[in-house]
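Here come two complexes built around subunit A, the first alongside subunit B, the second alongside subunit C.
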Partner chain A sequence: MKTALPSLLWREVESLFFAPLAYIVLTIFLFLSGFSFVKALGEGAGEVGRTVEIFLGGGHWFWLCMLLLPPLITMRLVAEERRSGQLEVLLTAPVRDGEVVLAKFLGALIFQCFLWAPTLLHILLLRNYGALPAVGQLVTSYVGLTCVLALLTSVGLVFSILTSNQIVAAAASTTFNLVFFALPIAIDEIGIDWLVSPLRSVSMFEHFTSGFSKGVLDSSVLVFYASATLAMLVVATRSLEARKWR
Partner chain B sequence: MALSGGGFGRGRRFAGVLEGLATCAVVFVFVGALLYATSRPSVRTLVDLTPEALYTLTPQTKQVLAQLPQTVEVTAVLGPESEAFANGLVAAQSEAIDYLVTLLREYELASGGRLKLRLLDRFADLGAVETMRLEEGITRSNVVMLKAGTRKRHVFLEELVTINRGFGDAGGLQPAELVSVHGEGPLTSAVLSVMDEKQPVLGVLSGFGAGEITDYDPWDWGYGTLAEAARGQGFEVRALDLVGGQGVPEDVDVVLVAGPRAPLGADVVASLQAHHDAGRGLFLAPDPRVSDPDLDSLLARLGVVRERSLLMTDPQLAQGFSSAQERMHHYIRRFDAQHPISAPISRQGVLARFAFCSGLTRHSGAPPELVLHPLVESRVEVFGDRLGTQGQLGDGRRDATEQTYARVIMVAIDSPTRSVIASGASFLGNPLLGFAEGGPANMDLALGSINWLAERDAALEVRPRELFESRVELTEFEAGTLTLYVLLAMPLAGALLGLIVWWSRRR
Partner chain C sequence: MIRIEHLTRRFHELVAVDDVSLHIQEGELLGFLGPNGAGKSTTIKILTGFLPATSGKATVAGHDVAQDSLAVRRKIGYLPEQIAVPSDTRVNEYLDYRGRLKGLTARERKTRQDTVLAQCGLEPMRRRLLGQLSRGYRQRVGLADALLGDPPVLILDEATGGLDPGQRKEVLDLIASFRGDKTVLISSHVLAEIEPLASRVAIIAKGRVLACGTRAELHDTAGRRGEFLVGSAGPADVLTRALSAEGLTPAPADDADGDDLQLVSLPSSMAPEQLLASLVAAGIPVRHFEPRERSLQEIFLELVAA
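The block that comes next holds the complex of A and B.
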């Protein structure tokens, strides 16, 4: 059977990239990331490696964007289509639910990578002033960025499928992200010994500060993001299929 | 029909929900199992893309770790200074700690699980750190403790990285920075040393009015602090009673003679000589105020003569130190940058503190092939205040015959047998040894000497990785241009792109 994924993906990309809202988000995001970069440059005291470390993984602004952006992008993916009635049309078409979910996931991920791509220009701009950013550190930082975006996008997609209200989807997704981000840090601070180690192994912040931002890739961390994203996509597919039983 | 159809619908819905839940459960169990499996050290790998390959272990280390005959427990107690130094010391220490943590994880992975790593935060894990202090004799933080069976070894952060703390410049506080990292050599050596079957023994000569190894009073000139730290390094520390002619036991690797207040006598000196002739380490730190012809003859055989005076800062050159007592204390920042004992201290830019010491010179009869390594040198503003015939203190003033110049106050001799000679023992005593990081480097000097004498210096030479930190210094104009670009030009470009897309779609 011929797959409908390319056409579904194009449909998603088109809806994301050709909507005026996308460019409003892009403009605001670029301003915030620019502000974050200037701040990181100050905190890094001119050290390029340290600046990259703060800008991509160590700073507040980075995590604010990481935790808030995916829910804002994914909230409308299914919820909006459900509200407008287009979802029923899509689901009665000869396409698999998994393809619909994958297309929406990939579309949202591509769009977010498009948003983050200009941040690389910020760093490369430093070359004009004689600085030499470490290629390895940049590679691992952006690999980490993509991993986290993929996971949070899949989470946002699940919440968008579960509810027909975009605001509820965004709020639920953001809450999930914040808890998922803050819980390992909080448990570490409180010092609940038996929970610290397992939660540290799934801590996004820990993954960045001790690996991605330093130029180190850990196979178990990559497996975590790949498998957790896959799991959320399976949940999203089953949630979409569950509509048929209602 | 309607009833049965409705019942069938509910049944299908229920089955569908159950199937969905079961699928989700299976998926999450699968993810959990996969995570558990891939986090096992035997399958986990790190890809090191840092320019200096900071975390890539040498084949020798990998071989050592792959062939560990027993489990090695590694506990690291880490945390930067609590005080926010204006020169960026905390940031440099944090960077060093991050490096060490990642390196230790790489050790854990390379060992295939035979090396068990436990990380403790010196502030967050206070209870566990206190337990470590009581049970394992940890005397300070920023330390890695390796333990295998009954054998243990402490490795300090200062041995693993070079942080220029910025304290060593007489001109004032300088910016602190992490200069280089060289953790692999000391860590692998420590792993090897806890695998040794024989525990090294440090014998400390007792009697003769010297301080005892059981004296922990921080205000007394005892050596309890030193003994505890040496135990932390895996040594068995023993008080040695050599009066009566019994020789040094053969299982003693290093003998320390620290600050005897009475002459040792010919028999004791003969025992020390025999120990040294047998190829074992000797650490001599006599009190300069005590005249001891037998000990002086032993020193002469080793190739060293001690000055019969007490070093004092010249009152004409002393800045702010007025009393003779104060001028007998010396803050040392001149260390041999090449010798294994003093090189780590030299790189750190820290101070050592000595008191009641004299100068050491080469004996005129020393064979030309004998090499004396001057580990520690005083400042040039010191003179030797001549002692009385009974060891009475001088007048504290420099007369015409008392010269002002830098004195060597500690030397190392490595051939034919290793020995270390210091011109005073006060730097080993409880009051000056100091535990806290940021304190004097006396502990590093003491432990470095003992380890070197026991031939426990790095069994593995690994090139230190100099950190190349690309820096950018922006002028005000450049900083303004950069800010304009990232805060204004790029967002505007995004908005413009949106306008173009909107315009093209509208048409």
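The block that comes next holds the complex of A and C.
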């Protein structure tokens, strides 16, 4: 059966990349990532592996980007089209709701991967310190980065579908991310023992600090991200179909 | 081609579409008339698969709109009431994208795009950004999109909204040219547009179809009022007195030629032949005696008021 997914995806990528806002975001992101890399260099004290660990997953900047960037990129994906009426035009074409959701998700994910790609150049600069980080550590760090981005993008997409106001969508998904990031830490601090272990298993910090950043790829963690992202995409598709239930 | 049976759509307490049934034959052009908020757009949204019905059933080209929405959407070209297009895209790029979504091959997209751009008078706008187009031209782009896949069914919601009189005529002529070739459902609240265009008209108000048929059939549905236009070759006041003598209340009316005519409403007990005979017997040189056809607008207003 012929699918409209490639056309929908191309359109999403086009609209993200051909918008001036994309390049403003890219410039700000590059500036901040460069600044953060310099800080990581200082904190890593010349140790290459430690520098990468701080830069990707160990620093405030990394998590601030994770907290804010996916909501900013995803907020307009559906909310804006719903407000302008383009969603009706799109969904009355012979396309499936699931294809629309998947195209928007992949488009936003590709764009964010493009934003993060130049950080590899920063890491290549470590050659100046006499060594490059282990390939394994680099691969797992970027795999982890992609996993977290995928999950947070799918969360942002759900909120963009649930409202026709971009700002509300961004605020809601940022709040969700904040709770998702902070809850395991808060529970750990408070010391609610029976909750610590299950929350640690879904803690993104934990996944990075004891896994991805250290070159460890745990299959159960990958399954967690894959299934959580898939679950959010199913929620997104159902939310889009919810117009039919109201 | 389009069958709507007992379709109802509720939004909480509001019944937007109330037990609507309509059948549209293949190649027929049906005008869907109603005031704003009558339920036209909701019915259309159900037909296009954007909204589901609360109850009832609708099929397009044999496909159930609820069960087989994708197949229905492959058969229809839809022009929504609110034209929403991405402002940062060029006309040809947008139509190419829409052609891809409709499953057209590269060659088909090129051929069809040339055809619909010419049909909709968009050839000079081919490379323009959609955001730079006037509302009228954006409306034409929406129509070009609806026609792009050469669908057997066209569903046009307020197709001429935002167009100037010249553009409106061009678009209406284009839509009229599809009669017999495509099945067209066109909604409007501008009755004068639909009257010469549609082979049949359905009048909807408060979610209910009040009448459906040809103009003659609508006359019957609304009830013939027995109004006649009477003109005399003699003095007008003599005719007025003669009509009053028959117990009628004549009212001055002009015909298209500017002749002085009197409009009278005959009671059901009086046959037109009886009145004519009485006037002739009274020596009135009657030179004009014809039943007055009500315009669609009058029928519409009567039905809606009732």
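The definition used in the following text is that the second predicted complex is superposed on the first by the 244 of 246 C-alpha atoms of A that agree within 3 Å, B and C clash if a C-alpha of one lies under 4 Å from a C-alpha of the other, contacts with A are read in each partner's own complex, and residues count from 1 in each chain.
Note that a contact is a pair of C-beta atoms (placed from the backbone, for glycine too) under 8 Å apart; a residue touches a chain by one contact, two chains touch by 3 or more.
Just so we're clear, the structure is a prediction, and the values are computed from it rather than from any experiment.
After overlaying the two complexes on the shared chain, residue contacts for A:Ser84 are found with subunit C alone; subunit B is out of touch. After overlaying the two complexes on the shared chain, residue contacts for A:Ser7 are found with subunit C alone; subunit B is out of touch. Of the two partner chains placed by the overlay, neither subunit B nor subunit C lies in contact with A:Pro71. Legend: residue contacts after superposition of the two complexes on their common chain; A:Val38 is shown touching subunit B, with no touch to subunit C. Shared-chain residue A:Ala93: touches subunit C; no touch with subunit B. By the touch criterion defined above, A:Ser15 reaches subunit C but does not reach subunit B. By the touch criterion stated above, A:Gly59 is placed in contact with neither subunit B nor subunit C. Residue contacts after overlaying the shared chain place A:Pro184 against neither subunit B nor subunit C.
Taking subunit B and subunit C in turn and counting the residues of subunit A each one touches, the greater count comes from B.
Overlaid on A, the two complexes show subunit B and subunit C touching the same residues of subunit A, namely 18, 244-246. By the touch criterion stated above, subunit C contacts subunit A in their complex at residues 11, 45, 48-52, 70, 73-74, 76, 78, 80, 82-86, 88, 97-98, 100-103, 142, 145. Interface residues of subunit A facing subunit B in the complex, by the touch rule stated above, are 17-18, 20, 22-24, 26-31, 33-35, 37-38, 41, 45-50, 118, 121-122, 125-126, 129-137, 139-140, 188-189, 191, 201-202, 209-211, 214-220, 223-224, 227-228, 230-231, 234-235, 238-239, 241-242, 244-246. Those residues of subunit B that touch subunit A in the shared complex are 12-13, 16-17, 20, 23-24, 27-28, 30-31, 34-35, 38-39, 43-51, 55, 88, 95, 98, 101-102, 105, 124-125, 469-474, 478, 482-483, 485-487, 490-495, 497-499, 501-502, 505.
By the touch rule above, subunit A contacts subunit C in their complex via residues 2, 4, 7-8, 11, 15, 18-19, 81, 84-86, 88-96, 243-246.
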